[in-house]
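First chain A sits with chain B, and in the next complex the same chain sits with chain C.
After this line comes the complex of A and B, so read on.
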């Protein structure tokens, strides 16, 4: 995020800010940092035999993970799924976000609430909802066959298609929120100016609106991407055991195969990956902002 | 906009509060004031196990031992139990654990469990050979077996053989929990045997056969669980565990039924274990001995259709027919070295993913 002009303010303000931040930082430290350190430590332990955990300082788990073809396959699959869901979610959310950011309708509050309301329901419930909607005799398949478009029901659940559909919908509120927040600079005045200078609506969008909305798009995309790459519930529930992503792999290792060092090593590597994407995002953001 | 998002965040803020309050209820008092001890038992939370175990074993035990109370700590899976036990290894609050044999073996090796004293647990000597565990570590307390379940409305001719899975009538209506779940591991063992081989030498023939099954399988990861899918007719044929399936059969008025295929099956064993460092080891072993007694074993079998591990347990014929305890059924069971399987689990899981599920 861009820094504001806070640096010019006095030292007492800064002290007060520190005091106000302390409880939050403490809570974060206890609930986030300590488990993270514990996780990192666990990744250096060793698993002997099927699942016997031995305390050690060893990079064995990292070497095993990084030399395992299947892990690489899963990693690529995860990134590919992340990219696909990000593109689809951003494309579908963009018009909604732009409309919500621009509209002066009295219903704006209500519409905004509708767009964000899905966040109040857990993604477990929403995934189960999609399982029902997309099943062989669900509403989507019966509508399509009722219209005579398909003969046999399409297999839309228990595979990657279902995972993508459900994830896109689940990610939309995040994308919309992030984009609205980033659309602050898209000014109607600039569009009006472009229009009065002879630009058509399409040209106006391509040359003015879209470039100005890019920071919002990037923020939305990053948010969706990170959430998708770490998504567990939807690939697990909707994938029918056919969709393997890093999160489901970590879950299996941690809770079924009980190889905690391996699960921890995978988690640490995933975290590093997020770090890389965060840096890339900041670079891109600065590039877009700096124009 | 700002007001809106604050409101949207409120429920999120409540989550940690609820979670914290849930944690604090875990520490009930020891009840030491009135001379009673509380033995803490960790066992399964799912599939009616808790309700049935409390009724069939814990309540009669407490009636017979007024100075010992048993508190049931329900946990979803054996793996999660091991996770919790690992975190409290230095200062355990749990005394007795019922969990799957292969997970228990890891706990035995990690020093989480300790061997039982045969003098304090005399019922151990009457246990079936399949229930005995090395060095007096916690022995088998229940026997279960892998079975086929089917939707009784959609399926007019009940399946009789594992080969029925390949019947085209079930195409797209089959559910199998793939490895690392034990269901898929078990099916690999059974198929190896049916195809004339042995899982200890090669599983290639079984995998080859499973490849042909793959296109017929609707899900390799039934959600929310196998029984729900079969009862609702979302799938018509599935791999499942006998005890839970029998219970589901009764609770669903027969919407689902269970068969033990004629080629036999594999047994799953739950062991009852004493936690190392338990401060109530003596009372805990009194409870373990009771849990292994013929009476307790027979009562629980009648409630939940787990076959007893105590050879002296007397069970109604009708109940026995619905478990693996009849001699004819026991004979068809395929011997399984679960510790060996635990070691091969990761490898088999990978083979399944590469060669079976990807089909």
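After this line comes the complex of A and C, so read on.
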């Protein structure tokens, strides 16, 4: 019977799909979902003394966190850092991404590899690299003083400036990749059409290329923002303990103060914040894509 | 041509690392209001030529003039040429009306004027009711009409059409080519149309330019190119054809007699008769099957293939190992494969290819 053979074939296909998905789902479940549930549960426990836990269902940690002025200060600081790094990383990456998305050069593959090659080294290594480059007697300061532009070395490490510089560079490959993926609607024909209708290069960019690249810009921005706001290594190392962000705060609570419920509560709040930004992103995306 | 409105002279485009030029020494003169088609197989240089006219590719050498003014080095956005693409190239982030308005905005036309001209342009393509639609809601045929309106609203000097019908299905294509031709004649705009589809080129153009490997093979009115192709390439490219090579055996009264392998002696009316060998071309619809009357060329063969297409029956007949294409109209029951048939054509039905 053709019908039954088709449905059994469909069944096999569904079975095969489930079998193929199973390892990934299992790994995700064990490595992501279970810890997340555990984290949420932990945030409801109570801290009774230094490093002493009491199993409970209490919102104590949340109330503590949300009424703590320092936490709010750190949160604002984190958001500002995220916004600044996002804007800078997107601005610097945009021309590179646009070029890579559009070029028909034979070197495209190589250039693409070069643009994302930094991902091959860990951000720890890259942050240490920036520490050396930006230190008082590093190449940047010695070059600037050698050229007579500055007398005193600029303080580029152990402060927010250093964190921003390093984060922007570390985020660039992500921004470039995300933007290229979002530049699907930018096309040579559209730019040629605009040209034939009398638009010079600048007006063509402003009226055609840029609006059409907005989905890519938005995707890149979300990616950089989320990664920056949750970044720990670079703010910690480049900031030299003087730059406080939510991630370093969580780390301190978990390892120094040993207040796990508070650290968990902070983490859950950060996760909720990401959720808010994700929804915002989707709204904006639909707006620029739908137009 | 003295009164050429658009004149290409010795236009050449060579790309680095390529031995053959994409376009080589192309001379084309287009009269004001003329509809000219660039026709040829892919890679023949027709699109490159069009893009050079548009200013999207700069020529390696040669000149482009419009109404006597040399515009060879003028950038695309100052050329005042309307361009229509195969991909429609409508701006997806703008409405239909905004798309048509774009060129007027770029020209800083006053707002009240713009509104009227956009409405007129949409009226011309009978799509005034779609002004507020999104581009993504248009069908292919509608999109290309809007693209045409957008290109014409700026009142360009020349309209350039780059395979505008190739993404459409057959029926729509025919409809739109009638419409493009109507609009072209109403507006009297000088038009260059690039296509690989000979039916389109034959049906729409005042003149054809047949190109191959970057060179112009023949320029002429559609019927002239079809009936009297200059060389084998053009004969073969435009329409289906039979070509027989033969040795000249004799001539009298403007009729050439030719000895062709397998076919015997063929007679053909020809002007040029001073050669030892010649190629004769006979279009399939000129070949008559089982002719009632006496014909200058009469042969016998076996049907090896018959395709019944409704209005015509396309037949392949084997004559002593030579394949002859023929077409039967009003055929009724198609011929059976294997049947022996007589075939013939008059000496004026054939044509000697000059080169």
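The definition used in the following text is that the second predicted complex is superposed on the first by the 272 of 291 C-alpha atoms of A that agree within 3 Å, B and C clash if a C-alpha of one lies under 4 Å from a C-alpha of the other, contacts with A are read in each partner's own complex, and residues count from 1 in each chain.
The working rule: a residue touches a chain if its C-beta (ideal position, glycine included) is under 8 Å from a C-beta of that chain, and two chains touch if they have at least 3 such contacts.
Because the structure is predicted, anything quoted here is derived from the model rather than measured.
Enquirer: With everything superposed onto chain A, say whether chain B and chain C fit together or clash.
Expert: Aligned on chain A, chain B and chain C fit with no clash.
Enquirer: Identify the partner contact of A:160: answer first if only chain B is touched, second if only chain C is, both if each is, neither if none is.
Expert: neither
Enquirer: Who wins on chain A residues touched, chain B or chain C?
Expert: B
Enquirer: Does the superposition put A:237 against chain B (first), chain C (second), both, or neither?
Expert: In the superposed model, A:237 contacts chain B only, not chain C.
Enquirer: Where does A:190 make contact in the superposed view: on chain B (first), on chain C (second), on both, or on neither?
Expert: It touches chain C, and chain B stays clear.
Enquirer: May I ask you to decide whether A:170 touches chain B, chain C, both, or neither, giving the answer as first, second, both or neither?
Expert: So A:170 meets neither chain B nor chain C here.
Enquirer: For A:268, decide between first (touching chain B), second (touching chain C), both and neither.
Expert: neither
Enquirer: Give one of first, second, both or neither to describe whether A:116 is in contact with chain B, with chain C, with both, or with none.
Expert: The answer is first: A:116 touches chain B but not chain C.
Enquirer: Applying the touch criterion given at the start, work out whether A:180 contacts chain B, chain C, both or neither, answering first, second, both or neither.
Expert: first
Enquirer: Taking the superposed arrangement, what is the smallest distance in Å from a C-alpha atom of chain B to one of chain C?
Expert: The answer is 24 Å, the least C-alpha separation in the overlay.
Enquirer: Considering only the contact definition stated at the top, list the common interface residues of chain A for chain B and chain C.
Expert: Touching chain B and chain C on chain A: no residues.
Enquirer: Which residues of chain A touch chain B in their complex?
Expert: Those in contact with chain B are residues 31, 48-53, 70, 109, 112-113, 116, 119-120, 128, 131, 135-136, 158, 177, 180, 236-237, 239-242, 244, 252, 254-259.
Enquirer: Per the contact definition, I'd like the list of chain B residues that touch chain A in the complex.
Expert: So the residues of chain B in touch with chain A come to 1, 4-5, 8, 11, 16, 77, 79-80, 82-83, 86, 102-103, 105-106, 109-110, 172, 177-178, 180-181, 218-221, 223-224, 234, 339, 342-343, 345-346, 349-350, 353-354, 357.
Enquirer: Using the touch rule from the top, collect the residues of chain C that touch chain A in their complex.
Expert: Residue list for chain C touching chain A: 54-56, 75-83, 85, 87, 89-94, 102-103, 106-107, 147, 150-151, 154, 160.
Enquirer: Could you pull out which chain A residues touch chain C in their complex?
Expert: Listed in rising order, the residues of chain A that touch chain C are 185, 187, 189-190, 192-200, 203-204, 207-208, 211-212, 288, 291.
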